[in-house]
Amino acid sequence: MSEILLEARHLTREFPAGKGRMVHAVTDVSLQIREGETLALVGESGCGKSTLGRMLIRLLEPTEGEILFRGTEITGLSAREFRPFRRQMQMIFQDPYASLDPRMSVRSIIAEPLKTWNLCRDREAVTERVLELMEATGVSGEMLHRYPHQFSGGQRQRIGIARAIAAEPSLIVCDEPVSALDVSVQNQILNLLKKLQKTRNLTYLFISHDLSVVRHISDRTAVMFLGKICETGDTETVYTRPRHPYTRFLLNAVPRPDPRRRETGGELLAGELPSPVNPPPGCRFHTRCPFATEECRRTDPPLRETDGRLVACHHPV
Amino acid sequence: MKNRQKELAELHQRRLEDGNGPVSAFRADLFRMFRKNRAAALSVLVILLLILAAVFAPVLTPYSYDDMDLGNRLSPPSAAHLLGTDEGGRDILTRLLYGARISLLIGVVPTVVSILIGAALGTIAGWRGGITDTVIMRLADIVLAFPSMLLAMVIMFTLGDGLVNVFLTLALLNWAAVARVVRAETLRLKNTEYIEAARAIGVSGPVMLLRHILPNCLPTLIVLFTLNVPAAILTESSLSFLGMGIQPPSASWGLMVNAGKNYLYSAPWICAAPGLIIMVAVLAFNFLGDGLRDALDPHQKNR
Amino acid sequence: MEQNTLEISHLTVSFPTDRGGFRPVNDVSLTVRKGQIVGLVGESGCGKSMTARAVMGLIRSPGKVTGGQILLEGKDLLALNGKEMRSLRGNELAMVFQDPMTSLNPVVPVGKQVEEAILLHRRVSREEARKRTLEAFRNVGISEAEKRSRSYPHELSGGLRQRVMIAMAMVCCPRLLIADEPTTALDVIMEAQILQLMRQMRDRGTSILFISHNLGVIAQLCDYTCVMYAGRIAEQGDTRELFERPVHPYTRGLLGAVSSLDRKGEELETIRGSVPAPGSLPAGCPFGPRCGLCDETCRGACPEPREISPGHIVRCFHAGEVPV
């Protein structure tokens, strides 16, 4: 088994919600990402997956908890001490329209990390490297001096990927990198991400709400509900034999492109997501869970090894 | 590798041909602006004419701006005085030409200075937040809270009159509003994904402000510029009217409008000429601003 | 034979541009039968939303319907004037949009907004309107209808807001409901609930034109499916037939792309290239440059629709040449 690249211990993040209340975006989350793997973080919008992803690469400071990168704690570091780590962690964003500065040409966008880290000796070298990166991500070199608005969504996402790999990071947080893209383009980008992972030895944290995409690309999956991880393990294990009731509902709700296997509507999760300002006591899922008991309403189940994966449930199915 | 080098050389060549270096790119932008936007081209022409008139005033008119001719007071436009004379018998056209010197300077210089100060403080306040933000913005609030005329009078009173002091006063009055607007813009930009992307790359604070925030504030700054130039011209005229700005017999357009308003019924030309010129100049700056904003918008490029 | 709720034939929408104009909707024909859900699926910019807008009479200037016919229960919608069309919208024709937040007034309680919609089209008292609103809320599965009707849009979750929109669309018992990506902004769980609601409405006799980019949603919901590409319907047929025996290379490409996600480890199937920009369509078949079967014929002319089996219509010269 490969080494642990990044480890989070008891991460918590709260945001003020006015009137002295707090939004509990992420509560006491621990996880490990191993070198060279893809860990998927899935859950509904508002479950805290994006907040967690940003905390892991210190784009957001955690309220509590610590993060270790190759065994070094990076949470307490000053901006200066953290700089060498910054280069190791990059991000690919969801919205290829919003994540590129509209006033910069493609060359300037991809060159930004190169300049920031002084990776090239002169202008010529920068241009050459930018062209290499464009080739690696499938953007035509002729587009060097074009501006983002002149590209399609898929092309923009490729530019965003070129920028993310420019400084040769080891970890990339992919925040819903294909959910804004068309079906026919989405797979191109996924293939590109896989190819780059292989050739450049990248580790991905892949955040998504699209479970079919996650299943294809990830080695391990962590399912989040209301700021907590409720189930995590090998992707195939979690997908084929989900043990947490929430994971089950989530997987069942995915509409399959097969009219023969229509949902009858029997196993639909009713009700609404509880508010993260005022999460329910005990197990956070108990208000929607058909199997909830008195115990679930009283105590919050910890993540426990069950059937080859970790599940936070008193009564795993 | 050979191939690559050749490609690079070609690209470089093409870039030279396109004139796509930063400086020539800007020139190309301006050129495109004139070609596409007639109003902007016209406004540049008007502004150039005004500047030329200001510079060559002594050549263009036989009179001097402070030649009093009391026998010829309030005379209507005639062959000798194309735009008539004012209450001191001075030639109005002459005073307009000389007035352009002061009014244009007063319109542009303090506005540019106030925008520079306001943009710098506004971006820093918005970006840093916390105590820096509080200090800068409370300072701006103080400036904005005082009636501007009163504040201007206090500053002018302290500094004494003179052109440079008018510049200073106007700059000190106007930076606060600029800072407010730019701060709001910075706060908005700070939440965009591309700024977050730049942070993820590791771009440091100052570079971020110069490379990402300020260029994206540019459209706002240009609008502020076009709004503030006429405002500055008018504020100066009020100051002059109160006897604190430009002192007669020096001429500025604002001063002339103010002087003429006592004779609005008996000699309307005294007000009309400088009034019209102020309007033309203000319109020209507005159109220029619109043209600049479009020219610098990347969406208009490479079309 | 039962009457068709909606019959669109040879519908064309044109936009004038500097370069002569383009057609976001080009020669589209489709039929929605009573009590049927018809899916319109395609990628962004393929013209599916524009088709819906044309039916609603909501094409924004300078766009214009320049050809074809739209019949709602036999009534020619394109022949109606602005006033007649307005009285039809929200009454016999209703639409639900992708983002309920932008279609609801943020400063008016949601119940009030639904009441207004009723009062606009029906001569009833405010009391009666209120009663019908609460009933509509219950019908779309909004619990605590009384309380929720007094909420402002921002106080509701995305799923609830969409339910309010559907309730508003349904209060006047429209002949046809057009749903434009109603679940795209929602999570899978909310999505499943809304799809369930759509099915219930169909079972009560409502005809629905359902627009989506998600093949999974279409497969789960629709009785009949039209696949759009670059303004034209590339292929249409019964949903089962279409998903099991797709013949158009584009439909096959889309289905292949989606289903290959299930096969772990392999390279994913893709459709090469990307959707052509509106206004710069290639000559001949618009899908040609991305198609593996493209030859001289395809480059020379755009294929006309052909019916290869009852109800299964496809625009491709090579349809049926390559077995599934």
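Order of writing sets the labels: A, B and C. Residues in every chain begin at 1.
One rule holds in what follows: a residue touches a chain if its C-beta (ideal position, glycine included) is under 8 Å from a C-beta of that chain, and two chains touch if they have at least 3 such contacts.
For clarity, every value in this text was computed on a predicted model and none was experimentally measured.
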If a chain touches subunit A and subunit C alike, it appears here: none
Chain pair, most C-beta pairs within the contact cut-off: A-C
Greatest separation from subunit A - chain, by CA centre: B
Inter-centroid spacing, subunit C versus subunit A (mean Cα positions, whole Å): 31
Distance from the mean Cα position of subunit B to that of subunit A, given in whole angstrom: 48
Rounded Å distance between subunit B and subunit C, as computed from the means of their C-alpha atoms: 51
Residues on subunit B engaged by subunit A in the complex (per definition of touch): 4, 7-8, 11-12, 15, 18, 20, 192-194, 196-204, 207, 211-212, 215-216, 218, 298-299, 301-302
In the complex, subunit A residues that touch subunit B: 57, 59, 83, 86-87, 89-91, 93-95, 98-104, 112-113, 116-117, 124, 127-128, 131, 141, 144-150, 160, 163, 167
Contact set on subunit C toward subunit A in their complex: 43-44, 157-160, 187-193, 195-196, 199, 213-221, 239-240, 243-244, 253-255, 257-264, 267-271, 274-275, 277
Contact footprint of subunit C on subunit A as seen in their complex: 44-45, 152-155, 182-188, 190-191, 194, 209, 211-213, 215-216, 236, 249-250, 252-260, 262-263, 265, 268-270, 272-273
